[in-house]
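Just so it is clear, A, B and C label the chains in written order, and each chain counts residues from 1 on its own.
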Amino acid sequence: MVIINRKSFFFSIIFLLLILFPWIIEDSFYLEQLTRILILGIFAMSLDFLVGYTGIVSLGHAAFYGVGAYTLAYSFQSTDATNFWYALPLSLTASALIATIIGWLSIRTSGIYLLMITLAFGQMFYFFYLESSYFNGSDGIFLLNKPEILFGSYNLFDLENEVNLYFFVLGWFIIVFLLLKTILKTPFGQVIQGICVNESRVRALGYPTPRYKLISFVIAGTLAGLAGFLEATHTGFVTPSYSHWHQSGILLVILMLGGVRTLYGPVLGAATIVLLEDLLPEITDHWKLLLGILIILIVLFLPNGTTDLFSRILFRGPIQKANKDHE
Amino acid sequence: MNDIILRTEHLTKHFGALMAVQDVSLTLKKNLAHAIIGPNGAGKTTLLNLLSGELYPDQGTIRYKDQEITKLSPDQISRLGIGRSYQKTNIISSFTCFENCRLAAQSRLITFMDFFRPVKRLKALSQHAEKALELVNLSHQAATVAQTMSYGEQRQLELAMILATEPELLLLDEPLAGMGSQESGQIIELLQTLAKKHTLILVEHDMDAVFSIAQQLTVMVNGEILETGNVEQIRHSTAVQEAYLGHYEPQPHH
Amino acid sequence: MDTTFYLIQLLNGIQYGFLLFLVAAGLTLVFGIMGIINLAHGSFYMIGAYLAFWLTQVTGNFLIAIVLATPITVGIGYLVERITFSHLYLRGHLHQVLLTYALILIFDELQLILWGNDFHGINIPEFLSGSIQLTAVQVYPTYRLFISFICIVLAIMMYVMIQKTKLGMIIRAGASNREMVQILGIDIQRLFAIIFSLGVALAAFAGMLAAPITSVYPGMGENILIISFVVVVIGGVGSIKGAFVGAMLVGLVDIYGKTLFPELASVLVYGLMVLILLWRPQGLFGTAS
C-alpha cells in the first residue's frame, strides 16, 4: 500500500501546474515572469544549500552568477551562434573553477570575516567586468541569439520560442531541485548538515570539514553559474550588475523571505520578490523604501521567514525536519 | 614496550601569560583507565584539547602507538582511533539520536564522499548506530531530536556517538557532569565495561566514580603534573592530599 | 619632474588612506566588539556628505556645516542602533546582513527623495581652497593637506582615547575577547550604543571631509563600504591598528594603481587582499579564532 504524504502530494500538484502553465494562462507576460521566478529560484536554492544546509553565509554568490553569464557571452564571441552542448559545460566548468578558488580562500575563515571576504571577491568580479574593455564595460554584452541545442545540425529545441524556453528552464529547475534533495539525503549531505549545526563536533568525529565545506561551496557556486547561464539566455543581455553585491544581497533577502533550509522556501521568496518588484512601483516611485521597511519588519518579527507561516498553514505544523536552532 | 598506547613528552601550552599546561610527560598503557584529576583551572581540559588536536602545543610531542600526532588536526586524530567527548555537551542538536550516531558511524564505514546513495539505504550504518545507542541505553529515544532530551541523556548520546566511531582510546571530559544518580550509575557501569577493551583518559570531579573506574591516576595542579600512580598511591600521597583532595575531604583533625 | 609626480601620488594615497581609516575604524570596532556586520556603514558616509552639502547651502560656510552635522550624525547613529540593531545582538549574521541591507535601501531612497539624483559640488572656505607650491611647476591643493591634518589629529585622539581612558580599556578588552566585557559587568547596552554612534560619526565625518573633493552623489557610500571591508579584512577584524595599516596600504595601492595600471585599478586592491589572505587568513593584526 502506498501512502502519499501531504507534502509530496502538494509538490506534485505544483509541478503539474507548472507544466500546464503555458496552456492555463496564455499570456506571454506572465510566462516571462514565471521563467524569471524559476531562474531566480535555482539561484536561490543554490545559496540555500550553502547558507541553510552548510552554514556558510556568503555575500558573494553573485560572482558565480556573473561567471556563468559572461562565459556564455564569451562562447558567442566568434559567431552569432553558440552550441549549447559546448556553452553550458563551459559555463559550469568556469563557475566551478572560480568557486573552488574563492571557496578555498574563504572557508579558511568563518563568520563575519567570511562574509566580508566573499563580498569583496564578488565585487572584484563586478569591477573586473566593469573596467575590462574585453567585456564591453558597463554597457554589457547583447546576445543576439539563444544557444542552439544541436543534434547533428538540427536544432532540437528552439529556445527562441518562449514556451520552449520556459520548459527548458523548468526542466533545469526540477533537475536542480531533485539533485539538491538527493544530495542532502546522502552521506555527504548528512555531513554538511552536521557541519551547519556543529562543525567542531563533526570534525572530531573524523570528518575533514574544510574539504566538505569547500565541495559544498563549489556545488552551490556551479549551480549559481547555471542560473547565470539561464538568465543570460533568457534576457539575452549580460552586464556587470549580474555580479554586483546587491544581487547577492537581494538573494539573501529572498532566502529570508521564503525561509532558509527548506529549498522550496527560497523559490517562494523569489516569487515574492518578483511580484513585489512588479507591484510596488505601481504604488510609489520610491518602492525600495517600502521594500526596505518590509524586510526590517520581517527580520524583527518573523525571524524564521514567511515559510514558517506558509508551512504552518499548508502542512499543519512546523517544518518536519527539526533543523532549527531554537525551539 | 608494545603495550604503550600514548606518550606525551614535555607538553607545554601558554595562553598569553597563563601557563595552561606545563611540561607534561605522560605514558599510557593499553586497556587501562587513566583518570586525570585536579582543581578547576589545573589544565585538564587544555591537556585533552592538545591530545585531540583542538589545540597545538607550544612545546613537546605526542605519540600515539608508533606515530607522532602532535600537529595532526582533530579529524585526523579521530581517524587514528581516538574519540573525544567534551565538557560542554557537544552533539548535533537538531539531529535525532539515531541520526547523530549514524553520522558518527558513517565516518568509519564510508571512506569516500558519497553524493548519490541515500543514507537510509546503507544498512550497515543503521546497524552500527543502533548498536551504539543500545550500549548507552538510549534505544528508546532513537527518533527523538537531540536538543529536546534531558541534559543527562544528551551526555549519554555523546558517548554513543564516540562509541559509534569505534575508538581504541577515549578522551572523556567530565562524562558524568550534570547526570542524575541513576544515569551516572549506568554510565559508570558502561565505562567499567569499556575499560576492559579500551584505553580511557577520564577527566572527572566525582571521586567515587574516578576510584571505581580508573586504575591509574594523574593529579594536575596549575598546569603541572603533581603525581601519577595507582589508586592506592594517590589516595595516600600527602602532597596530593594537601594540594587537592583536601578540598574535597576536609579532615577536621588537621 | 618624475619624483614630484610620485610625491603627489604619495600625498594623495596617504590622504585617501586617512579617509578610509576613519570609515574602517568604525567598521572594525562595530565588528570586533559588537560582533555585528554593518553593511549600512557606507550609508552613513553618504549621509555625512549630504548633510555637509545641505548645511553648507543653509549656513553658507562649510566648516560651520561640519560642526553642525557631526552631532546630528551621532544622533542618527544612536537612533538606528536603538531601533534596529539592539534587537539583533543574539541573532545570526544572516539577520544582520538582511537588516543592514534593508537600511541601505531605505537610506538610498531617502537620499533620492530629499536631494535627487544629481551630483553636487561643495564650496570650501577661501583659506583652504588654494594650493601649496611644491616645486616651481607643481602645486598641491591645500584642502587635501587639511584633510590629512584633521585625520592625523583624529587618529591621535583615538589612540589616546583607546590607550588611556576607561572607555578605551573596555574597547580593547572587548575587541580581543567579547565575553570579557560581559564578565566585567559593564552595561553592554550603553557600551554598544556608544560604540555604534561613534562608528557612525567617524564614517559620516569622513564623508563630510571627502565631499568637496569627490562631490556629493547617489551611491557614494557603496564604493567606500566595499573598500573599507577590504581594509578590515586586510587589517584583521577588531584591530584599530590593522585598520590604519590596511587603510594606508589600500590607499596607496589604489592611487598608484589608478595612475600606473588604469585598466586594473580596482582589481589591484582585491589582489592585495588575496595575497594577504594567503599569507595570513586572519588579517595582518587579527587574532586567529
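FYI, a residue touches a chain if its C-beta (ideal position, glycine included) is under 8 Å from a C-beta of that chain, and two chains touch if they have at least 3 such contacts.
Here the structure is a predicted model, which means the values were calculated and not measured.
**Student:** Tell me the chain pair with the top count of C-beta pairs in contact.
**Tutor:** Chain pair with the maximum contact count: A-C.
**Student:** What is the chain whose Cα centre is as far as it gets from that of chain A?
**Tutor:** So the farthest one, by centre of C-alpha atoms, is B.
**Student:** At what distance in angstrom does the C-alpha mean of chain B lie from that of chain A?
**Tutor:** For chain A versus chain B, the centre distance works out to 43 Å.
**Student:** Could you give the separation in Å between the centres of chain A and chain C, each centre being the mean of its C-alpha atoms?
**Tutor:** Spacing between the chain centres: roughly 33 Å.
**Student:** Need the CA-centroid distance for the pair chain B / chain C, whole Å please.
**Tutor:** It comes to 48 Å between the two C-alpha centres.
**Student:** By the touch rule stated above, which residues of chain A touch at least two different other chains?
**Tutor:** In chain A, nothing touches at least two other chains.
**Student:** So in the complex, the part of chain C that touches chain A is made up of which residues?
**Tutor:** 31, 35, 37, 39, 84, 87-88, 91-95, 97-99, 101-106, 108-110, 112-113, 226, 229-230, 232-233, 237, 263-267, 270, 273-274, 277-278, 281-283, 286, 289
**Student:** Could you list, by residue number, the parts of chain A that touch chain C in their complex?
**Tutor:** Chain A reaches chain C through residues 51, 57, 59, 105, 108-113, 115-117, 119-121, 123-124, 127-128, 130-133, 245, 249-250, 252-253, 255-256, 260, 286, 288-289, 291-296, 299-300, 303.
**Student:** For the complex, give me every residue of chain A touching chain B.
**Tutor:** Going by the criterion above, the answer is residues 182-183, 185-191, 193-194, 197-198, 200-209, 212, 215, 321-325, 327.
**Student:** Spell out the part of chain B that touches chain A in their complex, as residue ranges.
**Tutor:** 52, 54, 73-76, 78-79, 84, 90-95, 99, 102-104, 106-108, 110, 113-120, 122, 125, 145, 147-148, 161, 165
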